[in-house]
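After this come two complexes, each holding chain A, first together with chain B and then together with chain C.
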Partner chain A sequence: MPGETLLKVRGLRKSFGGVIAVGNVGFELKQGDFLGIIGPNGAGKTTLVNMITGFVRPDGGKVYFKGKDITGSRPYDIANLGIARTFQMVRLFYHLPAYKNLIIPLCSKRISRIRGGRFGERDEVALDLLDDVGFERDSYVPYKQAGSLPHGYLKRLDLARALALRPEVLILDELFSGMSMAEVAGVLPLMEKLSDKGLTIIMIEHRLRELFKVAHRVMVLTFGQKIAEGPPDEVMQSDEVKKAYLGTDVELGESGRD
Partner chain B sequence: MQPPDVKIRRKRLDRGIKARTDSVFVIAAPGDIIYVLAPRVLPVVALLILPFFLSEYHQEVLVHASVVGLLALSWDLLACCGLFSLGQSLFFGVGAYMAGMMDYYLHLSIWIGLPLATLSGGAICSILLAPVVRLKGVYFAMVTLMLPLLFRKIIEASGLLGGTLGLSTRGSFPNEWVAVYLGIIVFLGVLFGLRKLIDSDYGLVLKAIRDDDRAVMSAGINIYARKVQALFVAGSIASFAGAFLTYRYEFVGFSVFAWDYAILPLAAAALGGPGTFAGAALGSMILVPLSEALRAMGGLRIASYCLVLMVSIIALPEGIFSFLERKYHQFESLVEVK
Partner chain C sequence: MSTIIYGIITSVILALYAVGFSLTYGISGLANFAHGALYILAGYISWNLMNYLGLPFLASAPLAVVACALVGFIIYWGLLLRVRGIPLSELVVTFAAGVAILELLTWRGFYGISYSLPVFVEGGVEIWGVAVDAQRLLVIAVGVALVVLLYLFVHYTKIGLAFRGMAQNERTALSVGIESDWIGALSLALGSALAGLAAVVVLPLGMMESSVGYEVLIYALAVAIVGGLESTPGMVVASFVIGFGQRITASYIGPKWMIIVPLAAIVLVLAVRPSGLFGKFKELEERV
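Moving on, here comes the complex of A and B:
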């Protein structure tokens, strides 16, 4: 239901040795929200996502999904609940044909539950999903070995792999990094469409101009601390954010991208 | 002599078949039929009629090759999902001792004892190794290396299960032919079964775990459960091999935990080409007879054996089967161009 709180993060903490990667970060996501997370490199964005998706065990704090405590659950259990993610450095199965990469999530418990455990048509579903992210269905591209695809395709394949789980929360870790302008322009409408359909999206991004086109809300992290959260234009007006993220004298719009 | 207006060109058979069919072979030309069937049917037929032409000694070699083949297939299945095992002798020995116990203590007939030993062996191995499936690469290998040694020393020191004397069993195969054919048929069945399995979506997930386990986890797959399932299947296959030899020799002793049964399958898979199953099978069909043939060399047997193995692995690192497979797909016939 729209408006229902889907994901609630309370005071998450993680240190690696003496370095505080994430210190006491919390936020809430309602169904259909589109949250952008920005911040300089090393701000703890990926660690935060890794804690939510179960890849890193937090030192403290809680993650609730639909009111259920999922802190410290196994990554596959969290994925089966409907939280899917992509990786900053794409993690794919390079020796498989592109579309076969999507067979893996289609074999998950979540999908057999949703689809009623029907077998045999996974290849078709995979090709449909790839079509959605812009792999031309009738071309040879979906059948090519994943390892031989250009970077932009790999990023979109990773996105398709996350979407194959039919997630309720989609977490994108720097999806646009390394993509060409044209490729980004191709994916942005899909992001908007997914968001309009009611999918809850968290997007870590360095390309602010593109992010601000789609995100409803932006959260800024620096040195593991949340320094601002709110609508994109409001957040970027804050002096603290400008100082931390862009440097003091930068006007957004000229150097806001990358 | 060709008439001057007829041109000859090379045609890749493989391409034509792939272009015309979509995973189902709908082919008509006799050349195509032979091309598709020959590599699948010929080895099977050859293995099935071979025992008729062999002496008892050579039959024994063939059976031993099938047993090592089963161990190599079991090793290859684990390697497919990223579990690098140095302990095929663990699976083998557990199966052998389970069969020994079924017969010695419970007096079960072979046709109950053999399947029971197979399944219970697989179950014991997967329970033993379930806590360490989280370990990767060399760490998992170390544990599998230690366990057979541990079992061997426990049996030796405690005198359990017959201790150093082993267990002499009574149940056996009704006659030689049953044993020989059971060995060969199970070997072929496991070979084709595993090839089928790894081509299925289930097998795809296993291979993906080897490639990138985090990506598989984020796709909602419990990789540890899958690994334990693979351990059960691989353990059962190797346990069958062990149980089979117990019934054949009517004896089981702690030598079943010996190094040979860990190294031979690994060498066979490396020689034939890991990850293909057929490679592991082919490798053991070459290695075991080779080691018998080299007996004439006396003291230099093991040395020359190692030499052959090293040279072939350096010359063909992809493995004999992978090499043949590549050549097979590149096979060309000459056709007239009109």
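Moving on, here comes the complex of A and C:
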């Protein structure tokens, strides 16, 4: 249902040793929302996502998915509920052909319950998904060992792997980092299409220009704290954000560095 | 000629010892030091089912294999789940479980010459002038069938793919909904069942007593280390290297030196090529 609150995060906290990685961060996502999370390196973006997806146990706070408390659930249970993610450091099943990387999620509990996971149709579904992210279907690329593919392909394979779970919430951790301009340009329309279809997306990204093309809303983290949330252009006008994100008081977009 | 034929038989027996150990390690990175104990436990269970319940061996053997799988599963859920991800603790836990099983069997009086299992098939044949009994041929058949079936299982089934996913990257596997605890428990259950299966086909060739468990563990370790952990071709090749090494030693130096071969092989491989013949941990090479 559009407009239904899908993901609710309340006061999540995590410290590593004495360092507060994430301190008291909360937000809400309605179905179909597209949230960008930005902030300097070490701001706690990935830790936040790791807590939502069950890879890191929070020190405090709650995560609700469709009203159900999923705080501290195991990663595979969260994945099976329909929250899929990619990783900043891509690590795939390198010893399998690219398309077989998608067969594994297609074999998961979640997909066996919905369509596309039946024996005999998985290969087709996998090739379709790869086609969507730009692995030409008729070429040999989908059949190559994942370990032999160049970086840009691996990033997109990771995206397809997350999409294979038919997620309701898709979390992308720096998907564009290391991708060429052409590759990003190839993926952006897909992001828009998925969002238009009603997929709820969270995107951590350093490449702001590309992010602002697709995100409806942006949240800014610095030193584990949320300092702003709102439509992209509004957020970037905030002095606090400019200071935190760029370290100085420069005018964004008019510095001539673009 | 007899060295070659018996070399092949010895090698296949070694591969049977090692296959369950390697499978569990390959999937979940768990070194099951209770492997040898589970092996001999299968013999003990099978013997008791026959002698106290009067079951035929054809019924007691599969039951023993299933029992081993269950024990493996219980070791995982009952003990290992609490220490998962801490390799040293995992090792201590499995070793302790193994010693507990073996000493329990010894306490029950499972040693001496009174215990043996019957063969599945009687008789024998002559191959190129060498007499070979049918049970040894069965061992070879089971060994070959097992390697082929495992290959098909791991490459063409859902659980097999989940196994491979877990083996290659646990974190990514988790993120696509593979239940790592369940897969880990299954991998140990399957490895234990394979130990049991090896026991019921190999044990009829000789006597059995609890101390065989330690021996089997040493052989399984030797094969895994020499072949390189996580490598199936490595496992097969290592079995043949050690198996033939033992046969040649037995023929030309003397049977009592046979046990030296796996130990010498471990030492030699660790000194010269620590990742094993087919190992994937290449970074170890740089330390030599």
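As a convention for this text, the second predicted complex is superposed on the first by the 250 of 258 C-alpha atoms of A that agree within 3 Å, B and C clash if a C-alpha of one lies under 4 Å from a C-alpha of the other, contacts with A are read in each partner's own complex, and residues count from 1 in each chain.
Quick note on the criterion: contacts are C-beta pairs under 8 Å (C-beta built on N, C-alpha and C of every residue); 3 or more make two chains touch, one makes a residue touch a chain.
Bear in mind the structure is a predicted one, so any value in this text is a computation, not a measurement.
Student: Once the two structures are overlaid on chain A, check if chain B and chain C clash or fit side by side.
Tutor: Partners clash after overlay.
Student: Once chain A of both complexes is superposed, is A:55 in touch with chain B (first), chain C (second), both, or neither?
Tutor: Once the two structures are laid over each other on A, A:55 reaches both partners.
Student: A:223 contacts which: chain B (first), chain C (second), both, neither?
Tutor: A:223 sits against neither chain B nor chain C.
Student: Is A:107 contacted by the first partner chain B, the second partner chain C, both or neither?
Tutor: both
Student: If we overlay the two complexes on their shared chain A, which of chain B and chain C does A:164 touch? Say first, second, both or neither.
Tutor: In the superposition, A:164 contacts both chain B and chain C.
Student: In the superposed arrangement, does A:64 touch chain B (first), chain C (second), both or neither?
Tutor: In the superposed model, A:64 contacts neither chain B nor chain C.
Student: Output the chain A positions appearing in both contact lists, the one against chain B and the one against chain C.
Tutor: Dual-contact residues (chain A): 53, 55, 74-77, 79-80, 84-85, 87, 91-96, 100, 103-105, 107-111, 119, 161-162, 164-165.
Student: Under the stated contact criterion, what part of chain A meets chain B in this complex?
Tutor: These residues of chain A touch chain B: 53, 55, 74-77, 79-80, 84-85, 87, 91-96, 100, 103-111, 119, 122, 161-162, 164-165.
Student: Could you list, by residue number, the parts of chain B that touch chain A in their complex?
Tutor: Residues of chain B touching chain A: 201-202, 204-205, 207-208, 211-212, 214-223.
Student: Which residues of chain A touch chain C once you look at their complex with the stated criterion?
Tutor: For chain A paired with chain C, touching residues are 53, 55, 74-77, 79-80, 84-85, 87, 91-96, 100, 103-105, 107-111, 119, 161-162, 164-165.
Student: In the complex, go through chain C and note every residue touching chain A.
Tutor: 158, 161-162, 164-165, 168-169, 171-181
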